[in-house]
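Since the structure comes first, as structure tokens, the remarks are kept for the end.
Chains: A, B, C and D, in written order; residue numbering restarts at 1 for each.
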């Protein structure tokens, strides 16, 4: 995980596999004056789909190279492709409710320089965390949400995120369901932390469900948000052992540590352009 | 985990909590000539239920002490109680289908003296593992199962287990569902290994389900069998990380190692009288 | 882990095993008007030493009961014993250098009510974290340490900790070695987080050592501080997988998350009176 | 991890990094009629060394392609390179003493087709496991080892391994130290399982050492054997939690499960040509 020079590019490609793809991608980069820093590929042999993440240094004209690469990969190779400058630091908006642990964790990681992005603001359906946001000098916007005003509030939330030029929305324990319309209008990835080991215990109060079922391991799952609740592509998961000695508050407390780690991992991978989504699953180039 | 002397007893108790239970149990043992070796208790504060595992040495008359203890705990303390000689080694029947890894694992642990029980026979709905059984000098009985003969076959299976004086049935990747009648007739605990992290992916082909969902962690779950498929009390669970690079055969291979460890752990704990079942959950005194 | 009522007591005992200890302890509590809430014991069969943690409610006169219990356990049972009110919340002083992650983590857990103690001040050999301390409204004292003034500075540090009535010192990535004199004068437990899986990589720059050795797993270790550097009784350890792809900064970053979790766990257990130290090892009643 | 076609090749390369290496390797393969199936590379930025594992299908003339590739990589790219047919299944000799768990584990995995190699014989300094070897139809050779005959016995062991055309020696709990001469004469990789989390507890009786130190986690380490005892390049490590309740026999029992998994993982990776050794560390392409 090296420091990024300002002329590095990252491309994420996927499409039908064919002979010579690796050679053609690296050959193009070499012939056009670039130098491959990392390249990682994956072949889904069942679906015959080729996935690649390639990071290269392109000192002369990274912007031009980016455009040319997209054209080549699309027209010549028939791939779906996205190219980003490795040095890009997209804006992030965090959406929260009352729990503050993921907000603190991400804000502190942001300040420590662990994230290749910039947290620009906090959205909440409760006023409780205004002071926390302000302790990190982050703009805080309180949007009370009711069934009657949901659609209207979502439009205002989208507008607020646009003002801040957000390229990523992180639901850091935001306890409202976002509508399909919101997801379409926001037009950028939305990452959620679900406080269970999905697909176990989807929906509300997962720690209570876990306690009722008597599981011996609890988990947390970070995933991209799709219109189907808790059904989006899974990015990262982690687990922790529990026993009969742990009551629901214990599970909640243990879960907080899991949620922080798993959400931070997913956000970091996303910002490092390590994740390709394909058929509701993720390919994570680590 | 010390060696068991022949005059040790283990009691598992549970019932409504009341003042002084710990003192009364240990006081009774002391006053009756026993010496507590281990004692572990748990209080479910929500349900106000007290659970205890107590192991004590009773040199004079362990059989008499066992009966007297049950009487005291039941009449005086209002507890549900079971007392076993710590040196007991109940008979075990393994039920298998075609996969042999859990059979090998348990048979080798049995030979190595890791289990406080004796594997006495193998039941299968396929003939494939007859030779493996014979390599461990274990009687093997093949019962072909079809929808038409299921009930009749189950009766024969029960009879075979009784012949072997089985005190524990272990489904070591037995791919048939046992009926409620079987469970009632066998009248002893039945432990199953489910090849997923329950409650995720209950039912058939869990590794295919896990692959489809794109989870980043797979698991295995050992549980007592109840009439509701894959819904019985969970005894032990463990997990392993997977990635997009793992196809279904990879998940199956990784799963085999999980299944062996988790099933062996559950069987060992059961045989050491460490498990109390209460309201479809387990209290595991470790 | 239930909420503590104000009349609960916790006793930690250890001493030579003899018949009837469990019965005598719980009998005494019962006979003196107390009610055992939890009791956990351990027998080191090799050394024949008995360890017990017992928590009981003593509504009438907890202070008197505490004194009477110590007397009974010492004189009648020949045990070493310590009794604390379960509701006690000792003062904590954190000692730090430049790294801020453990400081943030403990301060936030303190604010969230996760710790049964009160962080009262920060000591540092560098001025860097003054602002962080102040953001949590914690007094910060900067003590520059050099070889020439070490002993004198330590005396001032001890005086500062006494002013704050500290019952626990936590070295939250404090990069100075404390002298045997300091440990004697402070006269309260000192917990350190070592950024490796001890006994591997004791001493300085453990992540560099781990990188050089090419290990596939890194760890962190929380231990009580003794005059022998990195040799004190281990309280908690955790690990994280690494690979050839991780350079030293990656190990450092992964290590930060381990250090936070492991140190917080050790501090929490200590404050819940769960730890007995015996012959440079810990018995952790969880 | 797909099935290997008979015309696939695997190359492991490393050497000084220079521009265009990825492009030149994949370009050469493409231009010479091959098709890259997997390619994974790693750049050690500190040492400026480039590492690559590339697997490709070469239907026409795999043997000729293999030679031509080595020539190109060596002469044109200045790399150290090794090319193997992906379908190769080298012979394996296991060396054991008295403990049988790793022997059973590897023999069963071999029979189950999990290893891309063929176990051909067992060497032991004790007669105890002759029967186990015979139950798997494996030739067993007993070589009693004493200080006086060590060198001579080692020569006979080497001769036996050569008869069996061994390409890999696995020390599956072989409790003798192999001399530098043996390692030189055997002229093939030797993998050992050390029953601790190296570098902790190198040398004899690691579980006793771990118990004495009071660690909360134990581990196992698979490594290539070099003349320096327990100092060779680490391939795989795993750990398991322990507590004060575990005595030495418990650690030994828990350790057996770790040792089996860790050794099997290392052997499998080695046989899949996933491991490059460089400066006493391994790059494991997983």
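Here are some notes:
Everything below uses one rule, namely that a residue touches a chain if its C-beta (ideal position, glycine included) is under 8 Å from a C-beta of that chain, and two chains touch if they have at least 3 such contacts.
None of the values given here were measured: they were computed from a predicted structure.
Distance from subunit B peaks, on a Cα-centroid basis, for A.
Over half of the residue numbers at the subunit A-subunit D interface are used by both copies of the sequence. A separation of 37 Å divides the Cα centre of subunit B from that of subunit C.
Subunit A and subunit B, compared by their mean Cα positions, are separated by 41 Å.
Taken residue by residue, subunit C touches two or more other chains at 2, 45, 245, 247, 286, whereas all remaining positions touch fewer.
Of all residues in subunit C, those touching subunit A in their complex are 1-2, 100-101, 104, 108, 112, 114, 135, 245-247, 249-250, 253, 257, 261, 286. Residues of subunit D that touch subunit A in their complex: 2, 19-24, 26-27, 29-31, 35-41, 43, 45.
The touching residues of subunit D, when paired with subunit C in their complex, are 42, 44-46, 51, 197-201, 213-217, 219, 233-239, 243-245, 247, 280-284, 286.
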